[in-house]
Amino acid sequence: MNTFQTNATVVKTEQLGPQIYRLTFSAYDIAKSAKPGQFVMLKASQGLDPLLRRPFSIHQVTEQGTLQILFKAIGKGTQYLSALKVGDVIDIVGPLGNGFDINTAGGHCLVGGGMGIAPMLYLAKEIIKGNKPVDLKIILGAQNKDEIAQLLLNFSELGVEVIHATDDGSSGHHGFVTELMEPILTNNNEKDWNIYCCGPHPMMKQVASICDKNSWNCWVSMETMMACGIGACLGCTIQGINTIQKQSQNYMHVCKDGPIFRAADIKW
Amino acid sequence: MLKVRIGSLSLPNPVMTASGTFGYGKEYEDFVNIHKLGAIVVKGISFDPRPGNPPPRIVETACGMLNAIGLQNVGVERFIEEKLPYLRNMNCRVIVNILGDSVEEYCAITQRLNEEKGIQAIELNISCPNVKKGGVAFGTNSSMAHEVVSQVRKETSLPLIVKLSPNVTDITEMAKAAEDGGADAVSLINTLIGMAIDIHKKKPVLANTIGGLSGPAIKPVALRMVWQVADAVKIPVIGIGGISTWQDAIEFILAGASAIQVGTANFFNPRITDEIIIGIEDYLKKNKYSSVREIIGLAKN
Amino acid sequence: MLKVRIGSLSLPNPVMTASGTFGYGKEYEDFVNIHKLGAIVVKGISFDPRPGNPPPRIVETACGMLNAIGLQNVGVERFIEEKLPYLRNMNCRVIVNILGDSVEEYCAITQRLNEEKGIQAIELNISCPNVKKGGVAFGTNSSMAHEVVSQVRKETSLPLIVKLSPNVTDITEMAKAAEDGGADAVSLINTLIGMAIDIHKKKPVLANTIGGLSGPAIKPVALRMVWQVADAVKIPVIGIGGISTWQDAIEFILAGASAIQVGTANFFNPRITDEIIIGIEDYLKKNKYSSVREIIGLAKN
Amino acid sequence: MNTFQTNATVVKTEQLGPQIYRLTFSAYDIAKSAKPGQFVMLKASQGLDPLLRRPFSIHQVTEQGTLQILFKAIGKGTQYLSALKVGDVIDIVGPLGNGFDINTAGGHCLVGGGMGIAPMLYLAKEIIKGNKPVDLKIILGAQNKDEIAQLLLNFSELGVEVIHATDDGSSGHHGFVTELMEPILTNNNEKDWNIYCCGPHPMMKQVASICDKNSWNCWVSMETMMACGIGACLGCTIQGINTIQKQSQNYMHVCKDGPIFRAADIKW
């Protein structure tokens, strides 16, 4: 027993930006066995529409057994979730997937873009917990200031270097997070960087290529449509690289084999 | 009270899991008492492993989903080595769903499964195209269906269930062909063929263009077909299609199904099969029936 | 920008209402600018009035509904006397959906309609059983379909649309039969056959046992069939089935439909057709197309 | 234009009993053109499940353009409605159907059972408004005290005779409303009674038969499954009596020909 289906109670709701919400549930069992990079599947309707659960990265957990997700309301399911109120009950399955393997050697750099920021707070806390002294840099990206301002507060409490970029330049670097990586990481005496990345596909592809060039370890959190989240439907396929051992179609499944993959294993 | 018979196969209750929606059983061990299920129908097995279709493979639709998994599976050998021992160990009743591109492939898989212990029945998925006969699906041509069923029948004494495709003008004709071919039972329905288009990319959503529609959306069609087939054949009928609550299961049994399979609902409620077993039992008690067998086909009177 | 052609028929936009879901037009006058619609397809008309089936006639299902109205209608004479003048007055484009139990009935209705002004086209509903040929539906047998279409074709020079049933193994065969018979266009799909059971009464919910499934639930099946038929015939295809948003309408057009019909969605959103017209126009503008004709079948490239 | 589709705002929510709710919307156009016995169709979901609108009798309207419905939460749609909060918006179509014809001659007796009480408050107010001095009796029935106590308060404010029955005898007469009709109405010097009835089918059937026996005018409000509510789908059929003029299948449609019918026209 390490995956649970629970009726969790909403204990806190926050709106962090124009369409950005954070929900806190009491889900003791899930919170207790979770690790950064794992996700949960939430039933995002009262009836049968939408039918399928929606996957969300675990954003934070607390000792008290609460669990947070951070999301953008972009469609039916997320709109439903954004309207939940304290005391409402939600059906949640998790923790799911493999989570990040935190490498104990070398420095750590977290790169989160958009809602890919969600798992980074949890990951940062775990890295800080386990590694002292910690060499941790955090690079966050968003569309604009409104989307990221409140989240930056949470990260700044960690006491590590946090830099950020916005697409429109309204806050931080004007441009992409990928432009920040090399200036920061290559000037650093630390050679052996571990990059943990979550964000839109084009961003992760770019991060993977930068890491490849610099021979940095790179892990990415992949997204696909999911029906089950537990390896049963075989629907959440992505294509892995073709090696000699693996045949031409090296299909991997995001929910079971991931969502965290070594960037080098993905066919971008 | 819940015991049912499917030919020579006796099951503790009529609730099975539908092929392709319950993995190889283990995936659900944290949610369901899998050894208490009527039976587990495993993901369709071909002779050789199949990689399946390129992504995207699934898309949600109104009260349903489309899948084009493309029958990805580990092949019969690895199934026997890697998946079967666990299920045998857990004391699960295992029904192996098999598929092939030719009569020979169906027969070869059956021969191989015959040698193994811990398999209660074989379910023949005849929705695949027959590559030798120009790609027409076995499941849409009654003489081809008859042929594959009668050949497989010769290979095994295990109970043989034939799983019917709904994408036909007259499903009773297919059911009769299966019965004539020697099937011990028919199960229906497999998915309806559907598709979805991405209006931004202006392309089909699924890499495979078309996919199989499943889930609550298709329940009325499935129930109608079960009703018709139960009238047309003497062998037991297993109802499948959109079953998501115990009430749905009762509807299929009242329509003439001796057992039911739960598919897509496992995805959005992984505990659903346990809930359905309890729900059926409660319904029988409240309505003062002593056995589920008393209500099979009752809505026909 | 929205103009489309269905054979010789030119419509200001591709949005029609599906037969049986928009009454005779007047029912929606408080909600929709009915004269602005591409066309109104009226409730199916037989030669003589028909009382329809006993109640219950409808039941809701997951994202859909079943109906067994039983083709209740006022008959061709009363349609012409009581319903047509209003539509003519309102300057609506009227397509009359007709149905019969024999080739003769179809022809007789067509002859009668021929004499009237204000009818833009005839839509042949071939889902009815042919009483003379043992009750097999015209719509599930391609030679019967060909026969009825070619006979009706002889009776009229009005554009002739043949409405196809989805309850067949191969809908392209039916579409080709209609094309060969002289149809100017095909429209699809009619309802899928389904049923529901009342687990308390232990009886089918519908007095008629089976009914037609419509609504968002069937959209994936409808879209797939439109996609297939658009490849199989040269005449225009009109897409029907579960269209409830302008996005749905665009999917059908991208799949190859030259126009679309909105059915069940009128019931739960009586203003939907107006909304879809606006939505299509906005989509074209945002995607920089100058005519809806540019995107017909675009998802096929 | 006398039927409207409006996005109405919830201005008040009340729970009147175990599963009994009353919602007040601001829906000016509908309220202004409504008459007692008419109904509205409400969209009772955010998405497509449940798909069809749900019909509800108009319970009350105010001068200010608000409109009330009274309902029991018995399934998906009504449960959704019961969770609405002040400020929520709901899509509503109405007023629909024909409403009660208030006969100006004779006395009036309103018989409402269960949620069939809903249209009676509006009807009572209209009768009182139009007829002075008014001969109006109201007979209400419910399962138990909890279901009816709060509603009785609303009716008692009308200043006319209100008597009631409960199935379990927890309040008022122990038994059926139908048992109260003859004792009250036949002892009365008024001969020409107009009975307006709404409630479960068996109750209305019984009321119709009592009225027939006593030669009282009787109107009933019928219920069926409805898809459109506006006469387009032909789904809401009931069977009328077979007269010589009408053929054997005299089908009537509740949404257009009703929901109010003369009891004598129904095939019970």
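We just call them A, B, C and D in the order they show up, numbering each chain from 1.
Quick note on the criterion: a residue touches a chain if its C-beta (ideal position, glycine included) is under 8 Å from a C-beta of that chain, and two chains touch if they have at least 3 such contacts.
For clarity, every value in this text was computed on a predicted model and none was experimentally measured.
Participant: Compute the centre of every chain as the mean of its C-alpha atoms, then state which one is farthest from the centre of chain C.
Facilitator: Relative to chain C, the chain whose C-alpha centre sits farthest away is A.
Participant: Taking each chain's centre as the mean of its CA atoms, how far is chain B from chain C in angstrom?
Facilitator: A distance of 34 Å separates the two centres.
Participant: Go ahead and note the Å separation of the Cα centroids belonging to chain A and chain D.
Facilitator: Once rounded, the distance between the two centres reads 54 Å.
Participant: Cα centroid separation between chain C and chain D, in whole Å?
Facilitator: 36
Participant: Could you check chain C for residues that touch two or more other chains and list them?
Facilitator: In chain C, the residues touching two or more other chains are 62-64, 215-216, 244.
Participant: Note the residues in chain D that touch 2 or more other chains, in rising order.
Facilitator: 48-50
Participant: If each chain is a dot and touching chains are joined, what shape do you get: line, ring, star, complete or other?
Facilitator: Graph shape, chains as nodes and touching pairs as edges: complete.
Participant: Could you list, by residue number, the parts of chain A that touch chain D in their complex?
Facilitator: 45-50, 76, 79-80
Participant: For chain D, which residues count as touching chain B in their complex?
Facilitator: 48-49
Participant: Mind listing the chain C positions that touch chain D in their complex?
Facilitator: 20-23, 27-28, 30-31, 43, 51-52, 54-60, 62-65, 67, 69, 72, 215-216, 244, 264, 266-271
Participant: Which residues of chain C touch chain A once you look at their complex with the stated criterion?
Facilitator: Touch list, chain C to chain A: 62-63.
Participant: Applying the document's contact rule, which stretches of chain A touch chain B when the two form their complex?
Facilitator: For this pair, the touching residues of chain A are 1-5, 43, 48-53, 91, 93, 224-228, 230-239, 247, 249, 251.
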